[in-house]
Amino acid sequence: MNIADLQSGDKLLGFYALRACELIPHDHGVRLRLEFGDATGKIAGVMWDQEAQNAYQQLRDAEVVKVKGLISSYQDRLQLKVDQIRPAEPGEYDLATLLAASETDPAELEVGISQMIESVADQELKRRLRAVIGDEEITPLYFQVPGGTAWHHPYLGGLAEHSLSMARLADTISQHYDFLDRSLMVAGALLHDIGKIDELSVGSSFSYSVSGRLYGHIVMGYDLVREKARDLEVDEDENVRKLLHMILSHQGKKEYSVPVEPCFEEAYVLYFIDEMDSKLNAISRIRAKAENADQDFTRYVNLLGTKLYLRRKEPPTEEE
Amino acid sequence: MNIADLQSGDKLLGFYALRACELIPHDHGVRLRLEFGDATGKIAGVMWDQEAQNAYQQLRDAEVVKVKGLISSYQDRLQLKVDQIRPAEPGEYDLATLLAASETDPAELEVGISQMIESVADQELKRRLRAVIGDEEITPLYFQVPGGTAWHHPYLGGLAEHSLSMARLADTISQHYDFLDRSLMVAGALLHDIGKIDELSVGSSFSYSVSGRLYGHIVMGYDLVREKARDLEVDEDENVRKLLHMILSHQGKKEYSVPVEPCFEEAYVLYFIDEMDSKLNAISRIRAKAENADQDFTRYVNLLGTKLYLRRKEPPTEEE
Amino acid sequence: MNIADLQSGDKLLGFYALRACELIPHDHGVRLRLEFGDATGKIAGVMWDQEAQNAYQQLRDAEVVKVKGLISSYQDRLQLKVDQIRPAEPGEYDLATLLAASETDPAELEVGISQMIESVADQELKRRLRAVIGDEEITPLYFQVPGGTAWHHPYLGGLAEHSLSMARLADTISQHYDFLDRSLMVAGALLHDIGKIDELSVGSSFSYSVSGRLYGHIVMGYDLVREKARDLEVDEDENVRKLLHMILSHQGKKEYSVPVEPCFEEAYVLYFIDEMDSKLNAISRIRAKAENADQDFTRYVNLLGTKLYLRRKEPPTEEE
Amino acid sequence: MNIADLQSGDKLLGFYALRACELIPHDHGVRLRLEFGDATGKIAGVMWDQEAQNAYQQLRDAEVVKVKGLISSYQDRLQLKVDQIRPAEPGEYDLATLLAASETDPAELEVGISQMIESVADQELKRRLRAVIGDEEITPLYFQVPGGTAWHHPYLGGLAEHSLSMARLADTISQHYDFLDRSLMVAGALLHDIGKIDELSVGSSFSYSVSGRLYGHIVMGYDLVREKARDLEVDEDENVRKLLHMILSHQGKKEYSVPVEPCFEEAYVLYFIDEMDSKLNAISRIRAKAENADQDFTRYVNLLGTKLYLRRKEPPTEEE
Amino acid sequence: MNIADLQSGDKLLGFYALRACELIPHDHGVRLRLEFGDATGKIAGVMWDQEAQNAYQQLRDAEVVKVKGLISSYQDRLQLKVDQIRPAEPGEYDLATLLAASETDPAELEVGISQMIESVADQELKRRLRAVIGDEEITPLYFQVPGGTAWHHPYLGGLAEHSLSMARLADTISQHYDFLDRSLMVAGALLHDIGKIDELSVGSSFSYSVSGRLYGHIVMGYDLVREKARDLEVDEDENVRKLLHMILSHQGKKEYSVPVEPCFEEAYVLYFIDEMDSKLNAISRIRAKAENADQDFTRYVNLLGTKLYLRRKEPPTEEE
Amino acid sequence: MNIADLQSGDKLLGFYALRACELIPHDHGVRLRLEFGDATGKIAGVMWDQEAQNAYQQLRDAEVVKVKGLISSYQDRLQLKVDQIRPAEPGEYDLATLLAASETDPAELEVGISQMIESVADQELKRRLRAVIGDEEITPLYFQVPGGTAWHHPYLGGLAEHSLSMARLADTISQHYDFLDRSLMVAGALLHDIGKIDELSVGSSFSYSVSGRLYGHIVMGYDLVREKARDLEVDEDENVRKLLHMILSHQGKKEYSVPVEPCFEEAYVLYFIDEMDSKLNAISRIRAKAENADQDFTRYVNLLGTKLYLRRKEPPTEEE
């Protein structure tokens, strides 16, 4: 039962991620404010007084719960009146149903990335791509982790979707500017965020690993690719060296925590298309949420430094 | 006689832009340090003592000169020993020979831009593009002025070359992201720097007009397009309004002197591709100068904030 | 019945702006939190349970309401217990009673500005001032819109009050520094914020227009004055050109969103007196609110970057 | 014999500040590059070979010299061929002839400042002004030191001229805004830079004292006024306290090295008029130098962050 | 009865600082939210309806109260149900029980600082230290005031503890770098924050004095030491002058509100050890609060610009 | 023959680094400006006309030369009149005589660092230190490379000297703050700049390697230590993980190019002592050069953001 499909009056029974659980006092008792999530959305829940107290004790460390209750409408929003609730046991539920996922079919992502790898003309870079993305420990993570925890591509498969989108841009732009080395551009696009497979961790929600916070995905990605480069005994290949620089510099500016700033054409272009693809993904999700609200501008968005303008002109029809 | 083709021993006679003219004392006399330029390069010149004094008086306000002399080699560089020199009269010379020009054929630029305009689906935007770029006062300037005086596309036709390059990127990227309005993207690319036709002035070198410095090309471009929009009585068309915002915000951030920051997708993408196309043009010219020097890195480049890395791996041959 | 004059026990009946309307749950029902405003202040209102539910449905899009109820005192503040409430029809009420207004009499503002215009010695600038401020579409807006929505002069007539204050400072300071062109200074002061008549919109509260957000008042002001300059066929007059630069640069620094920074004396002085007049207006309103609280310092004020010191020494009496 | 009055062919004999003295090699000898200055300007000088060598040994520590020679014209500039030169003895020359001085008559400055002091209504502030500026050790310095060494008012009497100009602005602006305490404004204007009498030192040129560099004029000014406040036993008077804050905060922002930022109206206004008076003085001197050059804009001026626009429209004549 | 020792079921009676007192409406009445503090911690309190109303009237200006009530547990936190409460009279309570205090014994601090003073080899600096810290008005404050109101050493004796810690570091580091003047380093450490005795004020909580906000502790410290320097007639001693510079520059950078930046070795080292000692004190208190929570990282700490990592490896045992 | 020991009249013959070689035109010929360096200093050299031309052709790519000539005094500086000069062959000279070296005896550095390693209590960290610094490829580089190319410790052995100095500070400060883990502090000090053995390259002068510029020493150091950590199979030891974070964060702030900012106590302290030790080394070399000049302040030093104050008070003698 997807949260996005619920309607007032539905009876709900299932496993959901528990995203918030807070006991709130009122005059002579308490209310338990809950929030449940799955891959399709989230919904508020409520329990009162003694039951709330009991549930709170039980649920404090739970990440996933089995819950039963009735959906009702309150102040224009749906809400779950909880009848029964308990922590879920591992194995009872399917993690994939709890987290948002890329709208692109995983198989399609895999084919797309595989074709991109095979299209790389530079043999050393192609070997590197196969060795890293094709590594049996890395592959599943590469197609699982999100692009980030909140701002852009924050869903299962987000890293692969973002990397493939950038590789396609890299391909296109390499045709536009003939001095760009297409192999480098595509390899850089596919590997620039590879460190996120170690930096991020996927449970019932997305979070940072301890070493992810201590080292950061930029250094972790460099490390992953360099490690493989040593195994393949090609550490000093000119384009491998450039690829490593591109990974280290792909956030473009010191203020975005890079140890070195871009110093050749492909490194600059990688930075630009990463900025563009990340920002457009973030904007499209902000727009999706805001457009229902029938307004001209969103609220001020901190990371954009502006309000987003929402109006769109209908595209011209054929006859025009 | 192109400066780039001169060799030691050549006798030179012709019209050249006078880019420097400075009297320098030595023990009991003076030396006149000159610099001549044409579309292909520049060369130093020298005169001594009394002749230097006389020439200096005559040349101080000259922008173009007729000069005769002998090319010799001095400390690995060519130099012109001047025999005769005088200011040129207007009409004696062809301006086009004195200024660097785009390597793309002007006719090709015109066709390219014309096709881009015709490919725009949104009728209001297409009318606007025809009205502005097709205006008989504007057209010649649009294909003449450079993209800037020094950093990027600093040559005749630079504005058109830069605009066309961006329009093609805009076209490509609009296919990649289906939510982008291709008409807006192409119109924004072709018109974003249109204000430069008023901001810059083309004489024997490129410079800023007085009102260019007082208003800036961003506001001048907005003004040009808005003015035409009023004539066409479509000022309030939604996409025209967005186009005006894109012109005003295309430098992306307050620190780059925009009165408003981008607030919808097409405006962000325009900013990214402008940054990319400008920087790559600047880099390619820095690389061209530096590569002869047989070094791994250039000197520190202020506007890049780094030294540029010069080594390139040879692309793989067919058989590989 | 001005909100500022209400006392506990009063029965209230009238038209007020509805500034907030929020349904808040409590244990087994809801409370409707309301806020009413008029030109003299604001007051909280409350409704309970079923009536609250009904009212909420009706009021959600209302900007102005007709309301009846009883004023009581709650926790040292007045509050309105609402008996009856409904959205107002256009025409039932007088907008001027709903919005804060300048303390200066409108007629006085008009006379002051008119005298300032007539005092300008430079004939081109005087024609420009008459053509813009005296334009029959512009005049009513010039005397209506506020100086801003929140920080300085946020009341009807605020733009005119601010402009007149600055014109008087401009006059005085032009006498102090004899190299300043008084005509330019006064014209700059009267027109620097003219773009706000298009940027801001006046309904039952002050807000930004869509094109105000897309272009900004700086560019809109330049556009308004330039447009008139073209009609008068004096676009290239030296002082008109300077006036346009002053409008574009009057916020002084790139970080404050100007397309060009000031580049002559009058432009700098305009920036200084705008900063001064805006800041002092903002401070005087912060002080007015804080002084009752009987404290030495206000809370930290973000836009000042400090707490404001409130103590004042009594001025000396005559005999001293 | 003022430097500003010299003409080619003049024989010069007199005392001048020696501002530069550098031995420069040429092929088989040396040239001594000299620069002489007095209150009206500066002129280059030259000596050759053995005489140059001898003079250099003698002059290296000299600040003022007696010099004899012939004025000639070299490359459109005047130059002194030195015949005889020796260091001057203290007492031989009048310092006032060697340093630039305010164009305002010293007596006029003294009267102006004295009247300003007497016009202060607040008795404690007036006592403070008399005690500080009227102190027999302070008075001569107050009317001697410049406003700074290079940027604004860099001439004898500059501090007094700048302080008086600001006091007059303070007076005017206090009439414009009736909530300003005129006594505080005038006292702040007259004393804000008083620390410069200790920070700067006046020899044959203007420089910083050692303790000036170690403490800075802001703290030194606070110290001077507070010291006097203690002698007068009025340290805790409310307006004296505010005056001290105004001295400490008058540069307005942390980035300009203030220990505290302004926190009441008079402190803000003092900052604005200091910025304005300093910048206009600097600009007027830049303009004076540049206007001869018959150009539209100066070179880029670092401290303004722009090129200065030089054209001025003739003011209208009476009949217009 | 220390707040840190309370348990559910305890009856409490005593004097406590009243840190918060706010009347909060609920449906048909009000609740009074209280917060009580002493040297060991803080605890929430609550009263309802009519009693709440009455108490609120009485307590609004109270800083210390006598309170009686019952401790109970609410949502895992202790809370005080207030039975009786009234403002305390001065003299009824001991201030020292209400404010947090350094864990170092005051006597130990006094001995430590006294020994440090006596260890200073430079006689002028030692005289200065004795004259300032040994002054009978200053001594008690020096050992009472905190190092700050919130970030570092925010407890009674904090200034002395911080100063002594820094003096010991200064001593050690002076041995490491033989070019450092140990006397200057120790004197700088002991006096760098001396201005805080005037800037801060100690009541039932720590706050800023009015003149503390108007001048700041940097200038106040310079003033205190310079004043004593004048009394001792040694103002111009080289090391006293350096000491004054060190006080003025000890926050190291303009952005931290210093009137002058450090300009010799001892001034730099003082800045570094102040930064280090302050930050480590702040971190140790953040860690102490966070470690109970059994997590790897704290929340984002604004003043650190990061989350703090909490895990610690057990130190090796002897045998290892 | 050390350059520092040369006197006018000496005949010089030997091998020196050639640091500058530039052909400068004069009236009817050329002068060759040369600069020679060795470990003790540098000296200018000169050749004229035809000989200069010949020498220039030969020397353009030379890094070390064999040179013969006469030392004379010119304008208070020594200068070498070159009689014979030719590029040196590898093997003819001893590199150590050409580069500045640490004043600390290499053997002493080795003993000091070795003792520091052995003093580390944490066995994993000690193994790591031995494995890295004791590696036969790494050891010679660790004791050879400088601390940097120009700003701090720019001499042979500079890295080891700087690391040992910091390890001693780390030791001392770990005693002062008992919560610091001494093992981590010492290991961090010894390894924080280890990446410089790959980043820098030592020829006849100090420069950056290509991969040094592409990756930077921070990432290279992390890589070196992590690589060894994998070999030792202790990658996940808690303190090894912290050590890696300390290497990555030791420059403390994003603006100094760190991929992560410090997030625990030892990482902060490492940053502070690195800043302190680097800056004091730089200052001591600036002071050494400036003190001869008999002035109170140096010129403005960009990297300090101030002029350095040079006066020092003589330390008190015993009897005082």
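Just so it is clear, A, B, C, D, E and F label the chains in written order, and each chain counts residues from 1 on its own.
What we mean here is this: a residue touches a chain if its C-beta (ideal position, glycine included) is under 8 Å from a C-beta of that chain, and two chains touch if they have at least 3 such contacts.
The model shown is predicted, which means the values in this text are computed figures rather than measured ones.
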item: Set of chains adjacent to chain B and to chain D; value: C, F
item: Minimum number of chain-to-chain contact steps, chain B to chain E; value: 2
item: Most distant chain from chain A by Cα centroid; value: D
item: Chain E against chain D, contact positions shared by both copies (same if over half, else different); value: same
item: Inter-centroid spacing, chain F versus chain E (mean Cα positions, whole Å); value: 42
item: Length of the line joining the C-alpha centres of chain B and chain C, rounded to whole Å; value: 45
item: Inter-chain centre distance, chain A versus chain D - centres from mean C-alpha coordinates, in Å; value: 61
item: Multi-chain contact residues (two or more partners), chain B; value: 26-27, 210, 213-214, 242, 245, 263, 297, 307, 309, 311
item: Listing of all chain pairs that touch each other, if any do; value: A-B, A-C, A-E, A-F, B-C, B-D, B-F, C-D, C-E, D-E, D-F, E-F
item: In the complex with chain B, residue positions of chain D that touch it; value: 26-27, 31, 74-75, 296-297, 307, 309, 311
item: Chain D partner contacts - residues on chain C that touch it in the complex; value: 121-123, 165, 168-169, 172-173, 176-177, 179, 181, 183, 237-239, 242, 245, 261-265, 268-269, 272, 275-276, 279-280, 283-284, 297, 304-313, 315-316, 320
item: Chain F residues within the chain B interface of the complex; value: 23, 25-27, 30, 210, 213-214
item: Contacting residues of chain B [partner chain C, same complex]; value: 210-211, 213-216, 218-219, 222-223, 226, 241-242, 244-245, 248, 254-260, 263
